[in-house]
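To keep things simple, chains are lettered A, B, C and D as they appear, and every chain counts its residues starting from 1.
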Amino acid sequence: MSHANHSEAGGPTYLWLAAVPLSLFLLLVWGLSRHDLPWHVDTPWVPSLGLSLAFRIDGLGALMLALITGIGTWVFVYASGYLAHEPRRGQLFTVLILFMLAMIGAVTADNLLLLFLFWELTSITSFLLVGFNHEQAEARAASRQALLVTMGGGLAMLGGLVLLGQMAGTWTLSGIVAAGPTLANDPRLPYALVLVLLGAFTKSAQFPFHFWLPNAMSAPTPVSAYLHSATMVKLGIYLMARLDPAFNDLLFWEVMLIGSGTVTAVWAAVLALRERDLKRILARSTVSALGTMTLLIGLPSAGAGLAVVAFMFAHALYKAPLFMVAGNIDHATGTRNIGQLMGLRRAMPWTAAAAVLAGLSMAGLPLSFGFVAKDIIAVAKAESEIFTLVSYATVLVNAVAIAVAGVAAVRVFWGPLELPRNQVHEVSWRMLLPPLAIVFLGMEFEFFPALADPLLLAAARSIAPGLGEVSLSAAYDLEALLSATGITALIGLLFFLAWDRMHEALHTLNRFDRYGPAALYDRLLHGLARIAAWHTRHLQHGRVSGYLQLTLAALLSMGMFGWLHTNSRLELTWDWPDHAWAWAVACLLLVAGAAAAATLRTRIAVLMASGLVGYGSAVLFLFAGAPDLALTQFAVETVLVVVAASVLPHYGTAPLQQEPLRASSGVLAAAAGIGVFLLLVHLSNLPVNGELAEWFGRTSLAEARGRNVVNVIIVDFRALDTLGEIAVVAFSLLAALPLLAGLRKGRVP
Amino acid sequence: MSLILMLAISIAVAAGVLLVLSRDVFRLIVGLAVLGSATNLIVFAAARPGGLIPAVIEAGATQLPAAAANPLPQALVLTAIVIGFALLCFALVLGAYLVRQGGQQNVDRLAAAEPAATDPVKPPVLEQ
Amino acid sequence: MLLLGPLLIPLITAVLTALLTRHERARRYVSLAGAVALLACAIGLLLAVMQEGRQSVALGNWPLPYGIELAADALSAALVLLTALLGFAVLLYAGRWQEARDTAGMYPLLHGLLAASSAVFLAADLFNLYVWFELMLIAVLGLFVLGGGQRHAEAAFKYFAVSMLGTLLMLGAVGMIYGATGHLNFSALRMAAQQPELAGVLPVYVVLLLLAFLLKAGAFPLFTWLPASYHTLPTPILALVGGLLTKLAVYVVLRLLGDVFVAIPGVLLEALGWLAVVTMVSGVLGAAYHWDVRRILAFHIVSQIGYLLLGIALASPAGAAGTSFFLFHNILVKANLFLIAGLMWAAAGHHDLRRMGGLYRARPFLAVLFLLSALSLVGVPPTSGFWGKFMLLREAFAQGHFVWGGAALAVGLLTLYSMSKIWVEGFWKPHPNYSSDHAAALAPLPRTAYAVVAGLSLAILILGLFPQPFVQYVEMATAAFWPARGML
Amino acid sequence: MTPRSTLLMQSARPLYWMLLAAALWILLRGHNEPGGGFIGGLLAVAGSSLLAIILGIPAALRLQPLAPLPLAMVGVGLAVLSGLAGALHGLPFLTHLWTGIGLSTVMLFDLGVFFAVWGALTGYVYALVDAGETAP
């Protein structure tokens, strides 16, 4: 972080910007109190492409909106304090606002394309935010990684959405959800779902795409708190939850979600233990939480829907404050390494208080909303008989969550202060108020569940329409407490106490890193560079003869492909022209010239030989009723002699190198010759249409007043061709002028 | 169309291709010229010529006799010859310039615009 | 005369600017005046087409199909307008461009290129089309050697050697198609090609003709001339050449397959589709390899050609509409990116990403403009690139060509890879030689050039935010000539 | 200087005029008999090249209506103008007009072709002849 300079930079703090999310939040609350869900808006935008500004807000959307604007308000307040030293904060706030709008759009869009549009917009704004400290190489790499992973998933999702849309015959999400059960037998469905899930998994950092999220911690902390814990990473969860009612019954869907969710939750929990950086620990635990959410969506029971929303809500309410705490610590001490952080509670009492309260919720201990959520999750799991393995896994995951809460909330604040006292100071109120406010909010919901109940239930019903009447207040009897949290809490405590030892032990895992997805990403990038280099160096090597060989070979083979796939007629017919002997002489000249040009060794001889080809054609023209052409060809060859005579000296006087006949050249030349021959034979079998010729012959004198029909065509009937032709001639000189000037100047060193 | 003409054109094309695939700047240009002449002949031959009577209306007549040569391909070929010649002039000068300025007769060693790579995966830096 | 304007105005301007050899200032003004007149004429043509439908003129007042025809329908009129717009932008940008100064030939050659391009869009006669491609070839060759350096000459030579094969193939195929059908006029050819005795045998030659245009378009593996040469051009010229040239050939392929030789066997279209996919991938791999901004962008041209061909291979009105929309978008965006590359060079002192950086701090506005065009190239909604790509993707999936659609998506990701490389290395990374404060003071960017880029970016933004009229337009334009292939 | 080359120098000009006359004749008769602007132009190029090689480029330039590039460009311009004449009468571009005495815009067009060829190719020849003296 660039906090070396702790003096506040001048200019506005942008605290007032918090009014933007706040007013949106209030608008939402007002709307919820006055109007029943769901709300629709539909305005055409690009009707030809099936895209309209269709927005639909139901319970799930409203919950997401509440998180985006509610947490957003506090994030903006926090950012105004956190970025007080950052001269470019204006840019950051601009992008942050853009991001918020994109999020709002993404969770309210009902049109598939509109959803994709906002989805990609969140990826791009996230890219800009993660790379905010772009003068650091790791920030650049992390932002690009996040971009490529999430946008790659986004593109896959687009493919899936288009497929779903075409299968269901509608471009609205609600339409697809409605049509969902009827699609079950469509063979395209698995592909479509895999593609859509790729989008959701990458966005929500599910295994094996989990690696980008911890790296994205190079973003400024307000960004991490907002994007990477409370909102954007939940977008994938949101989409899966949104689609769940349609595909809940599919085994495929269930297996994908539960499998991936469990693996993600467990693996991220293990990886969290390996981290030393406070923010990265929190990021890993976020991934773990996201895995749990995916797993919960995959559960078939109706209660699972409630569990997802409750957990999502709780997670946002404790994780964002914890990130803010980490930011405060970083701000105050200049480090986020837990090895160097001890006893901060005396210097930073308010931060410590926020941390403890958030930690309580994260650990799922009583007095917090996290406790309520955990209770509901337990019920959901009990309802749907899941594999034992999965239940064991969740115990582990929860235990690690407790340990992480302990590390972030307890460990760094207790014990003796390691850093010199005068270096550590409490942060400004703008950075203290937000985490405290959010955790208090969380506790309030625990004590007055009625405040959040309607919203959560509405959200749960959009995921699981079959959800009956339930109460969200947790049962405070000892039995439930023990069963729900007792064992996990115990293991969590053990983990917390043994954190350092486990950290050491897990070091051995390092050797597997190079097989992990993060390494795979790096290897893919390297592989891409290598493949690109290999490909480009073979195709674009700079050797002209190679280019020509490739081009000729491609033209010949593609031409042959065309020949083989069309009807062609090959019959040799013998018809003799009027002056066959003259034709024979002309053709002999032609062939001799061409052959000599290909074999002779001095430039002048090659040129003369090629001239023979011209003279041969001229003779042919003369005896084929084309005196104009003959004259032209003679004249051209003659002037060519003048031009060539004056240009040849520049090529030097050394004889041409002898070039051995390469097999490839020989094959290509033979193929070209045979190809042309076949084409001409084919042509000779077709009937002649003399309509144009006959008309020209009839009209030339009568209307164009010329007896030489060829000339009349050139200057009158098809004069536009000739205009183009003389333009080419004139431009040829214009084009050659710099070259001629260069030749005149002689050798330039 | 006469077989002999078809054969001659095909041989000219083959010889042209051989020249075009040569490593020498000058031969390559001549090869394109030979190919150009052969292509003109293809266009000419496409009208199945055979007669000797030019497409000129005799004094006293008002239109071409039916046996006269088809004038349209002739006009097309004439245009093509001229264009081809203009391009050939340009090409000869371009080749001369390349040889004089760069001292390179070998078309495979023209590396100012596309220098050979030295790094295993990255392309060389072009100095403008 | 509206139909002739887009051809004659630049041609006359070219002649005039070539004659004004000693009057630098007058040359610039004449050139700009010509560009403005062309723009006005193109707008007039578009309005006429929209009001009265297809415009056609038989030159010399000779009846068709005997004379030469120039025609403009909704598609070609719009492309002519785009050409005019691009020409105007580039000429304005090039006005005082340091790379392109003191080059008397530049203006006439650029106008010659504009004349040839407009004529290609308007041509309705096969041989006439060939002539305009030749004019284009020589004009581009002239633009290549303008700098007069060894690398310019080499680039011109490579460009010439390979494109010449395409040119000769085109000529030969035109000749043989004439020999088989007896016609050159598009409408007459369409009629002739449907005669039962020709329907089976003509495609042999049509394939050759298409191959010639595929070479000019830069399809795999016929594109070698393109990345070998483009990067040696001065940026303003590169923008016009890179933005327009290959797309002209794609337009011709679209026109030929959709309007003239409609009875091509399905297996050839299938082959074209696979060729499009390989072209996409190959181009984007080349872009991933390179570090020179111009070379990255040049290879992206190849990749985008793949998308354009994909829509044609889908052989449906929707596919053709997708290709047309993509064509509009791509001409604008690609040209704009090249122009931005020029400004990046002016601000950072190099074209190679390893030798530049710090532009985000030094030129934040340029960064925003680049971001817009880059995202548009990647195809992120709501930028212009997304709509075209989506139209192609939707149609590919609807026809069951999942691999083609999937490849289009994957190539989008790889495009993102190289665009983010430019962003991260060129804009975000600190400049290797200068501190960020110094980079800002390095060079004041030419204001006109900046304004041109901003204007084009605005056009891209509008195309992205309000695509509906444009989508409707291309659907109308392609429906006008693309037959319902199901009937055939 | 050998007597033969003196003879050559003296005969160069008459030869040039003869060739030019032949070129013009070919140009004019082209509409009715084999010939035309292009072949005429090539003959003129031959004449001018002769002059340039024997008497030097300045001499050749003096006997040409314009310098090569302007001549070529004027040729293109003439062809365009000949086409525009018809357009003034409301006819499509390149509709040729005929006067009573046999003069027509067709001739203007063919003259444009003639000039374009003459100018462009002499441009090549002069520059190359000039550069030939510095060639290695």
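In this text, a contact is a pair of C-beta atoms (placed from the backbone, for glycine too) under 8 Å apart; a residue touches a chain by one contact, two chains touch by 3 or more.
Everything numeric in this text was worked out from a predicted model, so none of it was measured.
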item	value
Pair with more cross-chain C-beta pairs in contact, given A-B and A-D	A-B
Between chain B and chain A, distance of the C-alpha-averaged centres to the nearest whole Å	47
Computed distance of Cα centres, chain D from chain A, in Å	62
Separation of mean Cα positions, chain D and chain C [Å, integer]	37
Mean-CA-position distance for chain C and chain B (Å)	26
Chain C residues counted as touching two or more neighbouring chains	11, 18, 59-60, 108, 127, 131, 134, 138, 141, 145, 153, 157-158, 161, 165, 172, 176, 179-180, 228, 289-290
Multi-chain contact sites of chain D, meaning residues that touch two or more partners	32-34, 38, 69, 73, 76, 80, 93-94, 96, 117, 120-121, 124, 128, 135-136
Sequence positions of chain A contacting 2 or more other chains	529, 532-533, 536-537, 540, 542, 544, 548, 552, 627-628, 632, 636, 639, 643, 647, 650, 652, 676, 683, 688, 690, 692, 696, 707-708, 710, 714, 716-722, 725-730, 732, 734-737, 739-743, 746-747
Chain contact graph, described as a line, ring, star, complete graph or other shape	complete
Chain A-touching residues of chain B, taken from the complex the two chains share	1-28, 30-31, 33-34, 37-38, 40-42, 44-59, 61-66, 68-72, 74-79, 81-83, 85-90, 92-97, 99-101, 105, 107-108, 110-111, 113-117, 120-123
Chain D residues within the chain A interface of the complex	30-39, 42-43, 45-46, 49, 53, 68-69, 72-73, 75-76, 79-80, 83, 93-94, 96, 98, 104, 106, 109-110, 112-113, 116-117, 119-121, 123-125, 127-132, 134-136
Chain A contact footprint on chain C (complex, rising order)	11, 14, 18, 59-60, 62, 65-68, 70, 103-105, 108-109, 112, 115, 119, 127-128, 131-132, 134-135, 138-139, 141-143, 145-148, 153, 157-158, 161-162, 165, 169, 172, 176, 179-184, 192, 197-198, 200-201, 203-205, 207-208, 211, 215, 221-222, 224-225, 227-228, 265, 267-268, 271, 275, 282, 285-286, 288-290, 299, 360, 364, 375, 380-382, 386-387, 390-391, 393-394, 397-398, 402, 405-406, 409-410, 412-414, 416-417, 420, 424, 428-430, 436, 467-468, 471-472, 475
Interfacial residue positions of chain C with respect to chain D in the complex	1, 4, 8, 11-12, 15, 18-19, 21, 57-61, 108
Contact footprint of chain B on chain D as seen in their complex	32-34, 38, 117, 120-121, 124, 128, 135-136
